[in-house]
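I'd like to ask you about the structure that follows.
The chains carry the letters A, B, C, D and E, assigned in the order they are written, with residues numbered from 1 in each.
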């Protein structure tokens, strides 16, 4: 299902539809996370990605009300087959690599463990990974500034609440 | 368990970060009349950070693994940090007046610049792929914005767009690489039954990676991860074929930003690139798996090839450029190639002392490049006037004796980029080439010097246009703002100082990290 | 006196700085710059005369040494010193410089500040080349001398100056960059840039044959291009022709000597075996250069080009002498360097004089100049004769020593063939020089423009006199020079020939005295 | 049966590939942007897979961080898109090619 | 023994030259200049005579007078001093050079009267004396070469004295370059000598410090080279001799290098007399005699010398028959006489050669000066066809030239007779050449005959017959005493000069002064070590017979000439002779043009500009083209860029995967 949606993302001509199918991808990934005993991540996936970011994207699409890609003189036609070929090569290589993973000694399956739980993540986040966490906040702060700077015309509103959304 | 916090360890980063925030606030709550304050504050922040950095250096505590070994304290980090601070300071000096002229929000520009600096510093100091990745992202996002800072200018938009798309594209590769490495470095401890009893999870800590590559569980994944990280970093430092974004972005971005991008992020890229590959994937003599040794050998030889490609491509294409900024962009690609030569030497070196020397060479080279490059762009900015209008070679024709200060300093920078003796470029070149020769990469070096000869053609072309031709159109000498003048003086003096008496700086950069890193790896064996 | 060499290097540079500063002084006059330049260069010359103290007496070792740490971390030292060989070249430089400046006294009206500043910087670089005993330092000056000359040609040159300037720069840069690789490689092989130390180290542990050959090649290419040895000579005619008079004088007088000096100081001394292995091809090239240069010079329509090509021929003699590995030949080569500096420098001055008067250098434009300008004609003839190699003028001594050294050398089999071919160069020299004189000076005054030319004025005579005196003196009493340079040259020769497997070495003259050479 | 680690890896690889292909194929800037997001998610999947098979928290934290980074990129990227859309009324990247050669 | 007087001989003229150049040019006073010039030469003449004839003078003692002035070149084991030496040979030479030179100076004062470059002329002339005396008195090869080139330079300057006459310039250039070709051989000869012997000095010089083994003494002790062609390239005495002979041929105008001498007549007549008749052109002979030690050890070289000499003698004589320019006639006769001298050297009759040099100096100088006087009187008309019947206009000139005519034709009791006869006899009786000697004698005799003929022609056309010029413009007149007195003196010498060498055979008494004087100085043919007097006695009859034959030949020549030209002075001569066998044209077409065109079109335009520069430019253009191509990577499309990056990434991954796959085949 994830693959299907992903293909749809690429295939769709109208960005709105591909956005929606992207959301599909996110959801299915969230399910996989749950299977992989990472409920917290799954939740965040749904909230942040499928929620915030995609809403933002859709918002922008609406704002700029772009319909499907205008039919201008299509340039760089050759890129489409090229991309497909390259993708094929990549798949091949990945397969080539993964074979080795297959051959490596079998690992015990994902028996239920507590690492995925919110509590354990939180503790790690504030002890071992304190610094990255702080840095993340800086990152977001800067993103706000940057977005404001770029998107504002005079003192536009939506640029500011864009900032708030993240 | 409690977090091991050691603020002093990250003092410089914290200071710059604080400065950025303060600048932001001032900018938000100050009347436009006091815009200059932001510049002052950020400059002060940078200076204080530099002081802190020097203090850290002075009481050179051995690499304390505070924050669970996410931050290192070594000459590599500190040296590069100083370079970044210098670059940002010079860029600030360049940009203040420029921002005013362009009616751009100086405050935001400064704060973004400072954030970018933080990002670079993190890249240099991070001993964990997490930190490196975050630093890289901070830097990238900041520079995306900076590149597009002249919002109304189509070229600026386009350059920031291209930079954004390609940048995030390649950082996705980097991330994938990190993920694969993380997975690959897990160790399966085999129980009596021969089946894996339990698994030591993978790591993203560079030192630990180094200690584990010999018995990594999925060597193939390790290789793939290394390759992908190579893509990510290669993009940052603009090596062929990942240089492709550079000319467009440099040309489109506002000149001070271009100066910054050519000097700072490139150096930052090298910093983390070297840390990850030289210390993360070192040459390990281990009976357990031959693959480790060959991994090292693989990436070194790959880099050597990339270096050749990069130098040649940069120089050859630069010959046919007519836009000065674009020409300098290609020349910066070429210089990345020269620096890579040193990097290759550092990677190939198995003897810690020689590796130190090579790393020092690269650091020094990037320092010199930063200085002369910013100087050159300063002149370009002055001559280009507002809106980067006059950047084609023709605009320089015959100005040699009309405004001699600009012309001669630009010629000095050109000669330094060319690597003429008595300039910084010369010392930098002989250091990296020397390191390579020391490792026996004669072919690489010969190609390098031949490239230098080629580069003479386009560097001199600018000098020729300025001095040997007569100007046809009218030319009124532009007035040089004080801050830019300061930049010029600093860079000119820097080029000469580094060219004639580089001894002290080089000594300061002498890196002695690896010795103790090696012991670390030994102990963990 | 201490720091003599440093003073020599810095004095002209300081002069240049002084000019720049004077530029900001309120009542500045353009004609003051040349005075500053003249004073500075003359002062430099006077100071450089101190080098003569105790020269030659002290044997081969270096004098006035200064050896301080420069860039410790990369092992480069600031090591200066002169021996009998380099001393004369320094003196030649410091002598030619004031003359060059006087020669541009009226010729250069455009941008005097930059012009004279560049000349002075150039002098610093040239002196540095000859006195530096640290390979990196040598390379530094060697390269640095390119830049001012590049500007001199490019800004004050003739019509095709830009082409000439680029050609000059890139041509020479390519060679010297490879030499840089060689220098660095040497550093990592022996862990020093220091010339004397390197000599000792090389003697202690010689290079592997292949490595020595490669390094020899790296150094030799740079110097061959500089000399220039055929077929690397094509930059020279353009550069000489387009350069302003002073530029040509310095170029021919000093810059070319850097190449031959480098060959003597570095190629022969550092890589004796390779020098012997490669003696034959190099000598062949030199002989080709001698004859080729002369023949091409013969048919040049442009006086300056003619003199330029004659330099190719003359410098061929120098290389020939160097690679004869005999005291006679090498001494002669060193002497020929000085001769060429003096004679060809003078010839370029003469060309400059008529160019300044007529603004053309085409031989066909002239004719019968001896009638309006007798002094010019007389002195021009004398200079040409010294370039032809008339006995009792300087040229003869050098060429004769080189040839006789070549004949008695064992660096190649059948050296007498080489000598006979090279000796024809003397005939050719007479041909092209006399032919040129004939067409320029003698015969009826065909072109009315030439009839009203003015003879040399006092300044021009004054700047020629020292050169003419030297031509005569060096021809009549060469021992002053030869005796002082003998120990150094002999020492280098010793390195070349003793490093042979046999160790002991005697000139073929000593060996084969008695029975004719088979 | 137990899902193998390599399955997840393969899946993420495929997603990543699709993302890259999309970036090259799509002409709409926003679409390209979404493809990049897709690539990031693919990586996330890898992380989570490893993490859960190692019983290690690092991977999941990495995912957490990646999400925030993605958010930041989204903000800035869309900012850029808006800016460029203002100047030229199109989102076709092929139009943005005045800087070349 | 040491004496510093020697240096006066050479430096006096130098001083004269310097004074005339520096002072004379200021005060353009001919009296002063002439006085300085002649005075300086007179000084050296007196000193030369004193040194030659005083109680233990050079001509009386065995060992030479030496004067070491300074050490000129000294590198390693090579040493060339500036040192003079006067032995019997160089002493003899110095004597007649200074004396004849003095006379010619005096003559020139009159001849050059009123010339603009009077001072220049005389300083050159003095400079020439300096160089010539240096050449003669040099004590080593290198110094000799200095003088050698010095005289070449002076002849260059003097031939080109009329600087604004093109032909003069060309002649001067030709002379210098042709001499240079000879000097090439000379220099190489010197080097080979040094290479073999390790020395370049003629005499062991005690004052120069260590008494070295000299170049000549080395050969004295060496073995004689085989008489084969191979010996020429063997690098022994023969090679040296051949190389030196090339030099001599250049200086003394022998085939094939004689072409410069006739053109050299473009110079003022005194110059022709001094340089191109009496002194400089005989330097080659002097050099060979000086090196006789080497030559006698090189039979092959001797043979070559003899052949060339004989050939030149005959060749030039035939050309001389057909010339109309009075000076050209004399020029070719000079070449012919020089050929005689070389012939003598070739057969080992060195003394005879020197003897002929001296007598030739007398009568040829006389003839030249006479012709100069004629030209002077005819207002610089040189073409004999526009003269005629001059004997009543200028009696003294006529009388003196009459003597010269008889002398050169070999009429008995005149100087030329003895020397020429000596040479012919020595040729006839040459040891080691067998019957070939007779052939050479035949050529010599024929030449003698031709000489008599063309000299008669010249005299007849010039002085007898009716005048062929319009005396409306030209008023022939006798020359001033400053010109006639030297003529008279020379005439007397040409008459009695021969008596210093009267052979034993004629007057059964041994009064052959010249032979006795020079015998110790020259080498003997290795073959004829036995004392010559004995076999001279043996051949008295034969020698007398030959003498008679040569007298007959001379008289025949005179007679034929008289008969031919007395009536028809303007008798047309064969064109090929008049055009000198077209030698100049041949040289021009076969040597000079090809070299010039080849260097211009081939070397310069094609190779230098085309090949070398062309390839370099091609390289540069190639790089630029590469850049032009490579820049198209930057098409400007983000998606293309992304694709490129992806390609790179895939290559990398593939590479790493290939290396990293543990179980990769």
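To be clear about the criterion, a contact is a pair of C-beta atoms (placed from the backbone, for glycine too) under 8 Å apart; a residue touches a chain by one contact, two chains touch by 3 or more.
For clarity, every value in this text was computed on a predicted model and none was experimentally measured.
Number of steps on the shortest path from chain A to chain C, with steps defined by chain touch: 2. Steps from chain B to chain D, minimised over paths through touching chains, total 1. Distance from per-chain Cα centroids to the pooled protein Cα centroid is smallest for C. The chain with its Cα centre farthest from the Cα centre of chain E is A. Chain centres here are C-alpha means, and the one lying farthest from chain C is A.
More C-beta pairs touch across one of C-E and A-D than the other; that pair is A-D.
Between chain A and chain B the centroid-to-centroid distance comes to 28 Å (mean Cα coordinates, whole Å).
Centroids of chain B and chain E (each the mean of its C-alpha atoms) stand 79 Å apart. Chain D and chain E have centres, each the mean of its CA atoms, that are 98 Å apart.
Mean C-alpha position of chain A lies 103 Å from that of chain E. Shared interface positions of chain A, i.e. residues touching 2 or more other chains, are given as 75-76, 79, 82-83, 86, 90, 93-94, 97, 99-101, 107, 129, 132, 136, 139, 142-143, 146, 148-150. Among all residues of chain D, those that touch two or more other chains are 9, 16, 19-20, 23-27, 32-33, 49, 51, 53, 55-56, 58, 61, 65, 69, 72-73, 76, 79-81, 83, 86, 93-94, 96-100. Residues of chain C found to touch two or more other chains are absent. Contacting chain pairs (ordered by label): A-B, A-D, A-E, B-C, B-D, B-E, C-E, D-E.
For chain B in complex with chain C, the residues that touch the partner chain are 360, 400-401, 415, 420-422, 426-427, 430-431, 433-434, 437-438, 442, 445-446, 449-450, 452-453, 456-457, 460, 464, 467-469, 501-503, 506-507, 510.
Put simply, chain B touches chain D in their complex at residues 130, 133-134, 137, 141, 144-145, 148, 151-155, 157-162, 164-165, 168-169, 172, 175-176, 178-180, 182-183, 186, 199, 201-204, 247-249, 251-252.
Across the complex, chain E is touched by residues 161-162, 165-166, 169-170, 173, 219-220, 222-224, 226-228, 230-231, 234-235, 240-242, 244-245, 247-248, 289, 291, 294-295, 298-299, 302, 313, 316-321, 454, 457 of chain B.
Residues 2-6, 8-11, 13-22, 24-28, 30-31, 33-35, 37-38, 41, 44-45, 48-49, 51-53, 55-58, 60-61, 63-65, 67-76, 78-83, 85-86, 90-92, 94-95 of chain D are the ones that touch chain A when the two sit in their complex. Those residues of chain C that touch chain E in the complex are listed here as 171, 231, 234, 292, 295-296, 298-300, 326-328, 331-332, 368, 370-371, 377, 385, 390-392, 396-397, 400-401, 403-404, 407-408, 416, 419-420, 423-424, 426-427, 430-431, 434-435, 438, 441-445, 476-479, 482-483, 486, 507-510, 512-514, 516-518.
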